[in-house]
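Worksheet for the structure shown next.
We just call them A, B and C in the order they show up, numbering each chain from 1.
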Amino acid sequence: MHIVVCIKQVPDSKEIKIDPKTNTLMRQGVPAVVNYYDMHGVEEALRIKDKYGARVTVITMGPPSADKALKQCISLGADEGVLVSDRAFAGADTLATSYVLASAIYKAADTWGPVDMIFAGKQTSDGDTGQVGPGIACRIDYEQLTYVQQIEDINPDTGELIVHRHLEDGVERVKTRTPVLITVVTELNTPRRASLPGMLRAARYTPIVWTTNDFEELDRSKIGLRGSPTIVSKTWVPEPKHVSTDMLTGTGNEVAATLVENLFGTELKHSLGWA
Amino acid sequence: MADERFDVVVVGAGPAGAAAALTAARGGLKVALIERGEYPGAKNTFGGVLYRKQIEQLIPEFWKSAPLERTVVEQRLWLLAKESAVTVSYRDDRFNDPPNCWTGQRSKFDQWFAAQAEAAGAVPIYETAVTDAIIEDGRVVGVVTDRDDGELRANLVIIADGVNSLLGKRLRAHREWKPDQVSLAVKEVIALPREKIQDRFNLDKSEGCTIELVGETMGMAGLGFLYTNTDTLSLGVGVMVSDLKRLRVKPYEVLNGLKQHPMIQRLIEGGEVKEYAGHLIPEGGYTAMPSLSGDGWMICGDAAQMVNAVHREGTNLAVESGRLAGETAVAVHEREDFSSAGLQRYTDAVRKSIIHKDLKKYKGLHGLLSFPESEKLFGQLPQAVNDALFEFLSVDGEPKRDKQKQAFRKLEGVAGGRMDLVRMALKGWRAMNG
Amino acid sequence: MAEDKRRKMIGLQPEGDVDWSMYRGIMVVVEQRSGVAKPVSWQLLGEARRLADKLDAPLMALVMGQDVSHIAQQAIGYGADIVYHADAPELKDYRTRPYSRVCLKVIKTYRPEIVLMGATYTGRDLAGAIATHLPTGLTADSTQLDVDDERLLLASRPAFSEKMLATILCKQFKPQMATVRAGVFQALPYDEKRTGKIIAVHQDMHENDIVTKVLEFVQDDNRVNLEDAQVIVAGGRGLGGPDGFKLLHELANVLGGTVAASRAATDLGWIDHAYQVGQTGTTVRPKLYFAIGISGAVQHVVGMQNSDYIVAINKDPNAPIFQIANYGIVGDLFEIVPLLTKAFQERLTPVMAR
């Protein structure tokens, strides 16, 4: 079995601040981390590898510094880490990203054998779209199962698998067959910590780098900024809601009564159906 | 256990460990550098002055590529009383070229310094804590880490895990430090626009200034500091742990007190606290230094109490000892003698180095730092000096002779009489001069 | 196994004509489960009605499922002019392939200039596949929508943990697509007299060709669902312990709301992490938010400041939470909250029942 995991390095979102003067993001010096969900994808691939034997290839599209993220996956037990990196890929939206990653998955299949399963995260903390996973599945015509919280069963011989999808209102049990792309939620597993031999391997490992030149059939009009139909026309920091706070005073009973009275005087009466 | 064997395992990627790993790797040894932080320096903190000499020996002109903050051209000393300060300062443009020292941030510097060791071939193993030494037949033959299959074997272990050295204690190089052998420092990094810093401290673009603060530590032995970085200030204070215990105060209460001082408040006003950190500083000095090597191991830097508290020098001594340990590792590999006899060479080298000479010079200092001596030195005396100067400089119609007398009496009062004042001065002088 | 799929890359060129002016109207893809439409679909129709009127273009709805003709009818009552209705046993449960096949067919045939879906799990699953297939640009999780003079969709969405908003356009292709967060827009009042056209859509599908099978769905009514909550009663460290949440539950029950918490409370283990509101928890935008014994640290505030009404109860008059509250009560929560619960109860229970 050959499993590909798509991971992305993202800025540690809790460290991002907005420059109050220019209203732009201050990304400088913000540490990069592997997107939280993606590590659960790596873990699940490794569990399958531990149980049935599999080759695990981790792929990321990003700047050269993303090799650190790949090394982290190597330390956990992934077989290869591929950095798809080229200035021409920069500025990609989800459509262009899914194209490049799909091309990389084809190339991974050429290099290490047909890809049976692909794991991606539910969404990233910076792009926050959850579109790249379905995009990849669509591009290469794989079955697509999103928001998977448990893999109940895999039959490595027939490629049949049963998974549980985590939805807003419940859990769906679904059966499908490889080749399949699965996007994962955190309930799926608890990522492991690397062993010392894993750390040693990662310390010496150099991720494989693929640039535009490594893809023979790449349509250059479909990558990077040029290949991205969505355009960010403006960004702004929402004005802090201007509220004039009504401080209620009096005895406990009085403030409770005043508050209820006041709230009933607003449109909440309708929107909440307080007849 | 990892199948792989190393020549040297270095524990801790602070200045001492990185210097040791760099030196050993350059000497052709197979080195592993283990650090528990997410990356070297991630959790490390210090006041903020890095010195040229020892690092330059390893990396010529390192200041052209290393992440440093400002070149220190002026050093000030403030004796604080409640609302006043006696200030002394020295500024010299000659400190610009070649630079004498810089302010710095450990999170950036340690990472850079360790990267030099990596570039020389040391294998980095980060986010990994060493939990024990592997000892066979009384010899150290490797370390145990907190990871699965976490044992790592080597001919030599260089211990550079800082002041709270787990391995140092494990190997009985030293015991748990006594409360009067360490002080606890807390520090805030305060963000301020660089132009403001330059204005307030009278500095040019890349120039920096340091202020050491004596007094206003509630009578406890300790020093405060306020250093200028590029667009932040480092403000902190370190106080002897024995004093903190005695008075039952928390170090940040002392720091908060300092922040309220009118002279300091003015300099930090409008700044935003970005980081807050605490750390121990070894204060035992010469007499507290443990044995430095044994069968299969050497110990350097803070783990071996190599700090010169008076001159707030620690990183330089750490780098120096790390280099000497690295050189020794290379030398003993040629003869394949990893015994304590072979490694005595390291102890000897430290003895001959600036580390020993400087720490020996100040060996009496430790006595001055203990209660009740400390209360005079760090509490009453700074206040008295301020009061004396207030008397002396107030123009209020009293004759100067009387003013001088009154001022002098203030100082005598603290020492407990004229003879005691002389005695105190002598004692202090001796402590500083070995 | 994957060998036969090799070298086929979907979504490189828009198929067929590229005369974008042929694309007119807005289409809302209605989401349903077991014959019940999701509220977000009607909310979307409400907002899309406004946009369609602005564009002077028809508002279309696409309803897919098995035995869902009543939903097609409802779509008209909620504002659609034309409803495309695909009814087939293969569409009983949502599955990416059959649903996207119908969707693609309808889009290619009827050419809407804008396609909108809820940013629900299902909506994102489907939208991501369709936008790639067409291909076209897709904006995720929008919270504001508008159209400009050039008929461009201006979809705005939060970025970087809600710290910023970004407006996103797609000039290159049609339809312009966006998924839209639930609870942001208001549905129009249902008008059963409204008329419109319902057009049946047929798609040849055979269950045997569909690889993925839904085996079962287990409804979970206890799932914490702060995102969709209309009323949230949140508590913090001021509650003093897990027992304090009992008071909040009582108030929440009376209001038909949900309990939530600050990180201080979840970190202390007083309530499960799933209830945490804020930067590292859930971002909520209920109609009414009670912050009880919560100081109002920025990390908490970013997650709830977009609530329509905020009521803060805190014994510290200087607590920052009062700066963003519409109503503030300085006092002991243990006294105030039970009184509030009582006051609401009296007011909400019809006189007859008392």
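Convention: a contact is a pair of C-beta atoms (placed from the backbone, for glycine too) under 8 Å apart; a residue touches a chain by one contact, two chains touch by 3 or more.
For clarity, every value in this text was computed on a predicted model and none was experimentally measured.
With chains as nodes and touching pairs as edges, the resulting graph is an open line.
Here the chain at the heart of the structure, going by C-alpha means, is A. Averaged C-alpha coordinates put the centre of chain B at 56 Å from the centre of chain C.
Centre to centre, using the average C-alpha position, chain A and chain C are separated by 20 Å.
Annotation: 43 Å between the Cα-based centres of chain A and chain B. Counting partner chains per residue, chain B shows two or more touched chains at no residue at all. Shared interface positions of chain C, i.e. residues touching 2 or more other chains, are not present. Multi-chain contact residues of chain A (touching two or more other chains): none found. Considering their complex, residues 193-200, 203-204 of chain A touch chain B.
Residues of chain A touching chain C in their complex: 13-14, 16-18, 23, 25, 93-95, 98-99, 102-103, 106, 109, 114-116, 125-126, 128-135, 137-147, 159, 162, 165-179, 217, 219, 222, 228-238, 240-241, 243, 245-249, 252-253, 255-257, 259-260, 262-264, 266, 268, 271-272, 274. Of all residues in chain C, only 1-3, 5-12, 33, 93, 96-97, 100, 120-122, 124-125, 127-129, 131-133, 135-141, 154, 159-161, 163-173, 186, 211-220, 223, 225, 228, 230-231, 255-256, 279-280, 287-288, 299, 305-306, 308-311, 322-331, 335-336, 339-340, 342-344, 347-348 touch chain A in the complex they form. Interface of chain B with chain A (complex): residues 1-4, 32, 123-125, 128, 145, 147-152.
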